[in-house]
């Protein structure tokens, strides 16, 4: 583990890479050329980023080759890594839902419960987790490593354990889910020694704050409007209770300006309601970061 | 027509699809995977979106297969649909101009007026509207259906009626415009029965408000500046008369903060003028929605 | 030189074109179809844009074929153009760093100083500047024009003078830098006669203000927060000294709202510090333009 | 219809276009730039090619706008064109199988026979053929024109009639085939008057011979081998009976050379058998044209 | 293992897939749509192809899930599969050279021999072979599985074992080769039980003959010429000794026709020499298959 | 100039590169990876290929940096290179027509003859040739170097001299041709000293033979047929007079086999005529090389 004032930070290569670079951009860090190089440039001299597959990240953070890294809970568990979990980072390729690894069989299979697989073969990329899943249930199966495209093997072996973000791929291959083996979200993890180093810990924490602020901002918008003082109570009732709006006075003392940060899903219902309650000049605007 | 609390909403497939999905995103609705599937996912359980060609939308809304849909005035007219026109949605692929269907002939043709086409053949995708156009003028022509790439047929028949957003394609094929047959903009339309259903009508109206607010925001920016109270009158005179700026007091009582929403075309001239009138710390920022 | 109320404006074609069109968009001008046509449409009737290679821009502005144009200091110098340099525009394809033309030799070459090239051959696209560079140093070399891909010629001749934004291409070809020949940034230039015309000069100045405001905004964010009056001093101390924040009163008189524009690089350190100093409801938002 | 020594020939635009241009190339005609232009260049001054949709080809050949054209039997039938069918051209995008238009319903539909659709709606691009299909069976249905992507409408109406080359798209949309409505192959068709013109008829017949020879050659290979005279009978017995091999004498009079054209499917079994029968120096080579 | 008259044949998915499909096409089998589906269609009812990664092929053939398959000697060895090696198939993505797995270190590493890695970490996709390599040499290293992009890990661990077809990737990552760990070519392998089944064995042997004949033909051309009988000896001397040309008589008895199959590398030197020796009308033509 | 047994051969980079690599492939040389690298690999140890722009080729061959190279007659003339022109190579990007550089003006220009340009400005990439063209005609014009996209400058200056393979680009820019300035075809050129070296000269001549044989083969096909001896005269009369067909005897002495190489344009008319004259089993097959 290096002791200089540089943080070796693992960036997940592959399917999460583009989303991660965009998230860092929103957080204020510009990572260049990350698709081509495993050592992309970043506009912060105290960070040394390295692109690695999510599957390997935990091992390299655990060993101290990296000080910190971003990977999934699934692969942390698979590799049984001894690392510090700094925080959850609920972003992913397409949605902010957690990913699930499911045990699946062909639709036409006679297997209806995990127990029916006794004596069979299960193909998966996640062999450690899968072996423990069956061991916990005292079901004796052979777990074979699959080099990708696992769905297509469901009809060559007896069952598969495969990742599903949306279920589309399972449907396309006409598979049936028996059970969820593990639910996973993305995590920021740190090496135990790095976490004890003051410089590195503060650096990791700052990254955590900025990334989380950028994630938070993705589903929020700023909302502004002018409200006649007489309508203020009515308008405030419409606003979500837990929000505390900023009410500022205006030159025209009959009016106040109200500003509040709202969830973009709430906004869809809120805007018409505010209009009816008497608000005028309603606008919403995008946000880069939100820190509570 | 379904009576459950779900709105079947037609999204135009094809050339308008990408722009429509982006508009819904600005309006607060995330539509996923719309290119691949005719039933894309949307993050609102009360909406069931279905992708269809603009040409067919009116028929399916008229029949009640859909509760509402987005299509062009041209195709509503072509199919002579009995639907409710909820509102105009002035967005399109490239510009916010209306699209025009024009009657065109080869540059070298002797035809100079529609009347000269008497006894001839006209190729078009929009046969109903074209037939009525000539019938109204008592000109006898045969109108033939064209399966796309209509411009290239202008030299095989006598004239064509074709859509033109920018005129580029007509120029490239060396055609001359004789007349405008129909001017069209995009519309949100509703099935008559659905419009009588309280849930569906409110849902459609909310979508209309949010889509229009997003369209409005595309050509607007928020403008903020600080103004010394002595300069306030001068600055206010520069601002467009119809706008009512939000003037708020500052800690430093010699200054006020002014905030106003302006059209992005106006902004180009306004910003230098404001600077000359004494405004300082001028910034502009993007907007997601503007509701008057 | 035309005397009508239209400004003939040269847009750099090629590697800078996409970035330039995006910059104009941020500045409030929509340039359409610029990749295909050398006369793209723009939504301002007083501007007539023409796309030309940066290498030729200075000559056409100098001759009065164009009233103004955007090009690099390197090519202005190369062509020894008699033009008005209106302002610097620090944007480029990838970064906001200036570009450098360097004298380079193969890593394995025995040449260690420019003087060692006496009697040799140097290949470059920038022959005028290169000839003057060697003439100033009284080194006798033959300078040969290179039609692109100059790096690969370093091993065919004795040295090259080539542009380097990031150094990647030099490294890939295993070249060693001997010296910097010229450092260049992008400039807005004007024809001398056009600059004396009132209409054209104001138009050029407005474009300069708007482009610079858009460039400025790219590295800035708006920052807002609420602060308890008791914490105000502590919070203000954290803010960069040269910034004057807008402090506005709130309905709840125990709090004030603070708004300030900060550099996005500063923001990364500022946000955690502000939180510790007592600020709440911190948000940052993107900007379109910043005019000091 | 033109009487000069030029044949106006319709080339199918769209999905068949690339395969058609490749077929003409094999037949000895180079058609350039066919993707961009509806009037591609060809290296034969007596042919004037025009690209049109297969759907419209029959109508323009029937009207004499074109002298001849390539289109499908399906669209000839749909448009009820009065044209001369010169010959079949068994090539297509992917395979040499005929295409089928099938009547299909959602897998979960209760409809099991065409008769069950009585009173329902059927969507299709091929409305004429479909109406006649149901009229022949005295089933009363409304046939609606579908603007492409017909599969996705199967669940909006009651059934569809859609083209299927491989069945993949039907499976992907989970549809069930009720019946085949029409089987179609590609045809070379001619205008009746053009067919009576000596120049045009010979030109069309030559094109037919060359295109058919090129199609024939695609599934054939030339096969050569040397055979000891003692083994000749054994080898000849292995060869397909209907083929008459070319047997030529060699300098070494103990051997003869045998050459024969065989189907590439037969070749797979033939080659090992010939080897066992004593043939040596077996080679196969590609063919451009085969004329019986 | 199925006993019907169908051969389950594994096709390597991924980097070899395109080359494999092209090879089968040359051999006379058309495999359709292989990129999208793991069960592509083939125009031979007695073959059922399944696409799998080369890494897994051996295991599935060994288990009898497949009757035969194409994979590399490296992965057969890695998985220690008990299979029949039917023949070598010397084709690959880019060249016909065998691939090599090499032990490599960063150029700047102090390690110069495998022994210097004692106690270190080696990353590789081929862990079994690598472990045996070090065990044989009694060197104690930890071998870690690498999920692709192994070159970039050479600087995170101590050494890597990685595939190199051309050495380009090693050079780009500035690595130095210490040793070759295994040399591999592509193989056709069969399941032991399938090999005992008459139908399957003949089917596999036929595929082997046809694939090898197609590979052979890729580097061969047919060469024909006419030779005056007086020049025959001179011409025959120029031809490679091991070839036996087919000499056939012509109508003009002063001449003979000579035909021979030659290697395309030899052809480059042969053609000018033959011309000088008196041959006329020399042509060369491509071959589909060559069977000795 | 190197004296080892290696030929330094310049390959034209850019628009001719792909066609050149394909031509070498047909000629029997495999050039790999030429798009990425200026020193592509070739499967002949005696050739060292270097990719350079056609514009620069002549200079580097003249200087002896290269022994030989492929470039256009236009650039040889422009650079006034002292080189050996070995042979013409009539291939190009799209067609086998020579390219022309033409003097062109906007369609609407009043200029109708080169003389009308007296005192004007002409933009071109080919400044040397253009200056000589006007000097020869004693017309005084300023010739300015244009960095590509010359057509678009025709309206900024008075005229242009630009390359035209097909005239498409001139038409698209609405230009009118005044005169042809130079007609050019591709050439193989050699350095004068290299041409005196026995090894290099033979190597260059072999390359010339093989490239020309491959070009020749592109427009030729092999034609074979069987003819009854009674029909032989009739068939031979149909064949082009200058061809001497190979007539070989067959086992069935009533027939002979005829083989001849014909131009693919002739083949289109020949094949039907041969059939009518009694030939049977007619096939045509592709050729790799044809040497007269």
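Letters A, B, C, D, E and F mark the chains in the order given here, with residues in each chain numbered from 1 onward.
Going forward, a contact is a pair of C-beta atoms (placed from the backbone, for glycine too) under 8 Å apart; a residue touches a chain by one contact, two chains touch by 3 or more.
It should be emphasised that the depicted structure is a prediction, and the values quoted were computed from it without experimental measurement.
Counting only chains that touch, the fewest steps needed to get from chain C to chain E is 2.
Annotation of chain A and chain E: not jointly contacted by any chain, touch as defined at the top. Different-residue interface: chain E and chain F share under half of the residue numbers found at their contact. The rotation relating chain D to chain E, fitted on Cα atoms, comes to 120°, given as a multiple of 5. Remark: among chain pairs A-C and B-D, A-C carries the greater number of C-beta contacts.
Annotation: 52 Å between the Cα-based centres of chain A and chain D. Note on chain placement: the centre of chain A and the centre of chain B lie 36 Å apart, centres being C-alpha means. With centres defined as mean CA coordinates, chain F is found 58 Å away from chain A. Shared contact sites, meaning residues of chain C that touch two or more other chains, fall at 248-249, 285-286. Pairs of chains meeting the touch criterion: A-B, A-C, A-E, B-C, B-D, C-F, D-E, D-F, E-F. Residue ranges of chain A in contact with chain E, taken from their complex: 13, 38-39, 50-53, 55-56, 59-60, 65, 144, 146-149, 152-153, 156-157. For chain C in complex with chain B, the residues that touch the partner chain are 27-29, 32-33, 43-44, 205-206, 209-210, 213, 217, 222, 244, 246-249, 256, 259, 261, 285-292.
For chain A in complex with chain B, the touching residues are 94, 221, 226, 248-252, 257, 264-265, 267-269, 271-272, 275, 280-286.
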